[in-house]
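For clarity, chains are labelled A, B, C and D in written order, and residue numbers in each chain start from 1.
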Amino acid sequence: MIKEGDTVQLTDGKNSFFLKVKKGEIFGTHRGNIKHDEIITAGYGGEVKTHKGHPFMILRPTLHDIIMFGIKRKTQIIYPKDSSYITLKLGLTDGMKVLESGVGSGALTIVMANAVKPSGKIYSYEKEEKYIKNAYSNIKLAGLEKYVEIKHHSLDQPLPENFFDAAFIDVREPWLYIDNIKKSLKKGSPIGFLVPTTNQVSNTLQALKENNFINLEVVELLERHYKPVPDRLRPEDRMVAHTGYLIFGRNG
Amino acid sequence: MIKEGDTVQLTDGKNSFFLKVKKGEIFGTHRGNIKHDEIITAGYGGEVKTHKGHPFMILRPTLHDIIMFGIKRKTQIIYPKDSSYITLKLGLTDGMKVLESGVGSGALTIVMANAVKPSGKIYSYEKEEKYIKNAYSNIKLAGLEKYVEIKHHSLDQPLPENFFDAAFIDVREPWLYIDNIKKSLKKGSPIGFLVPTTNQVSNTLQALKENNFINLEVVELLERHYKPVPDRLRPEDRMVAHTGYLIFGRNG
Amino acid sequence: MIKEGDTVQLTDGKNSFFLKVKKGEIFGTHRGNIKHDEIITAGYGGEVKTHKGHPFMILRPTLHDIIMFGIKRKTQIIYPKDSSYITLKLGLTDGMKVLESGVGSGALTIVMANAVKPSGKIYSYEKEEKYIKNAYSNIKLAGLEKYVEIKHHSLDQPLPENFFDAAFIDVREPWLYIDNIKKSLKKGSPIGFLVPTTNQVSNTLQALKENNFINLEVVELLERHYKPVPDRLRPEDRMVAHTGYLIFGRNG
Amino acid sequence: MIKEGDTVQLTDGKNSFFLKVKKGEIFGTHRGNIKHDEIITAGYGGEVKTHKGHPFMILRPTLHDIIMFGIKRKTQIIYPKDSSYITLKLGLTDGMKVLESGVGSGALTIVMANAVKPSGKIYSYEKEEKYIKNAYSNIKLAGLEKYVEIKHHSLDQPLPENFFDAAFIDVREPWLYIDNIKKSLKKGSPIGFLVPTTNQVSNTLQALKENNFINLEVVELLERHYKPVPDRLRPEDRMVAHTGYLIFGRNG
């Protein structure tokens, strides 16, 4: 059942649109206009037609689809293959308080917020004010704004909170802030990082060792898609070769 | 804060143990005995000593660690790299009702239950009765038994429930049951499969097409670990080369 | 020392040209004209200037560079990562007679011819006459035409030669021709195949088993490039995800 | 036709043996003895029986099989996926003179010698005298000793030869010797390196840049094997995740 405020996905097989439903409003597509009221009436799995008669199927969007096709990107995002794995490695579950920095376009924030809701929260520190508005807008599209607090704050300053059950850091030089972060992270809690270069991995590992973090791990995930043709099954010609190296540890 | 009934992880850097805490009980290790009461007193991030003086750190276990090191395997399990991605691709969130078959050792069930709690539930149909007890025991270790119902049921029979928001199928010949599953899955809802061979991928894709499933995708994830040594950073010598192919679609 | 008829590579760091040197001739580039005689005088590692003063370094081209940047492609080619491995798996060495089909653009032919020269030869059967002229031209660019014979011939006809020490088959439905090929391949000799889909792999394996080929293997090679920056070392963003599956066996 | 001195492979499907054939000699296996004369009579693709009646098929060994199963390893070797690619990237062909250091167990030496024969030669400088005898023995097994010269020499000393058309360096700290190597390598000639860690890649790239090498590339090759079963085709469970990073450039 679709309620006012829900985000729905409209698809005609070629194009997908993501919108928050509001009674009385109209959504415009290149194939004609659609009344929000008709979307609510048709429900998930139902069909609506534009005023020109073009049909769209109504889907309940997955977080994967919202992140890959719905949100507006102002930065490089953390991809679902990585964000889903991060969530499991950090042990995120209902009720946890999580430090994130920076928020970027909010792609990881969305996945982590979904994992700690309804009683947990993501505290995301972003030093670039220009990204914050867009990130909030993306998080709202995913309907998760109640579980996220974004603060304009740089990691080189003492953190305003110090009760964190887990942390994920996606900044250019994480090794500069490890001792600062450590003060806000509960003892024994998991921490993760994403960095694109091997030099950053080395520097981050070094700082983690010096600050007595334990259970250090470095891992990368590769995602390979296949053409879904039963009698000519084969991998796609090209793939993303690299998003970043993931580093994990615990505050020992 | 550790409460009675919580699952905690004890680690001395070499060995990890997972136990549910109960006042008055004693946990035996090869390095000596530990009183549960002392674990509760020390709390997460704290330290306890065995009666022989050997120290263990107390950690709040991540789902990743429970699945990889805590649960008892009676079947091949679905690994975290796959189960976390599956959860995102199926769009699992608080409140959803999910069909799973079979339950196996419950590794995927745990990850999915964590994603739909507190108000959703996983309904897991398992045709091999012998696996069910162990799976329940594993799910209890993760503290998620309230969000899982396991039924001894084969997919070749009509399903007892028909209200599913999503489904994940991990059986040998999924293509035999697609039309049966389709009847229980809400229109537009996501479905996923894991199969190890390319022949199974082809057969499953064929059956999905014949049953008008849409948005078909085939993907595999590769997980590569590195030795976490800052000045000699390099991949591990060997890796898991294959767990299975993932297939996704929607009930169109 | 550069001799008349040698293929040389001219590079200015941005563009590379491959040409066969002939006294008295002139080579035109977008940066001006170069006299072949000056190339011969300067020698490998030397520099020539165009009449407009733009400098080019003269390199002895590797087979890798000729294949990737020098030859004209009228078909999908077999890439160096695969062709070099094929050569080693087939055990190619000076003196061997090798069956190839089809010739395509000659990229694999060049690598195999280099491996069997000076006393061996590649016999390449191509059923599409339109590809032959271009393939010859490419093989000449590599200076290997003495070690290759291309015949306009389809594998569904008895082969004109029957003395082969090894074979490599790159056609759409290799399983149709296995018994025909077997008659021309010496007992115990290695054979290889490249096919893009898993269905083709299954069909080819089936036919090889039915024809008593032994030591069957299926392998794929993935090639991942890194940005060569010492202090920001990282994989390229994208890579070729698939060229083909390689199948190997011996005529048992 | 098998000649005295040829290396042949005997296989019974389970075990493979590699031996150099010599008239009048006898080869002992765990299944009984075989007369070399009978091997010569039977020829490649033929069968011989031990004095106990156990049959072996006689194969002409591929370089791949000699390297993987025939040679004695006293060091980590360079694997065929890498050595075949190296040969193509260095542009090795009949007549070239190639610098190698160190020789290790001779696995790469064998592949490179096969590529430059009959009129070229590999000059292999090895600073550890203890490896040289074994390397020679392995190269003889491959029948390539005429095309290889191994010298007990360290790269920190001026090289005794300075006429090299190509070079491949597999030592722990190659960046220490780049300027020394450069003096012996013809201008414009290709050079390659294999190193296992990312730190070594960075250091080597840095030294190559400082010494004006051009066309720098870093690449790794991954080799994934499949179970060759037509109706249950799937990757092997595990694979080699890392042998080393390959670095290539030209002496600019």
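Criterion: a residue touches a chain if its C-beta (ideal position, glycine included) is under 8 Å from a C-beta of that chain, and two chains touch if they have at least 3 such contacts.
These figures come from a predicted structure and were not determined experimentally.
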Original post:
Any idea whether C-D or B-C has more C-beta pairs in contact?
Top reply: C-D
**OP:** Could you tell me the distance, in whole angstrom, between the mean C-alpha positions of subunit C and subunit D?
**Re:** 21
Original post:
Between subunit B and subunit D, what is the gap in Å from one C-alpha centre to the other?
Top reply: 45
Original post:
Hey, how far is the Cα centre of subunit B from the one of subunit C, in Å?
Top reply: 47
Original post:
In subunit C, which residues are in touch with two or more of the other chains?
Top reply: 198-199, 201-202, 224-225, 231, 233
Original post:
When you draw the chains as points and link the ones that touch, which shape shows up: line, ring, star, complete, or other?
Top reply: complete
Original post:
For the complex, which residues does subunit D have touching subunit C?
Top reply: 11, 13, 44-46, 57-65, 80-81, 83-85, 87-91, 93-94, 111, 114-115, 117-118, 165, 186-190, 198, 201-203, 205-206, 209, 214-231, 233, 245, 247, 250-252
Original post:
Which residues of subunit C touch subunit B in the complex?
Top reply: 198-199, 201-202
Subject >> Footprint of subunit B on subunit D - complex, ascending >> reply: 196-199, 224-225, 231-242
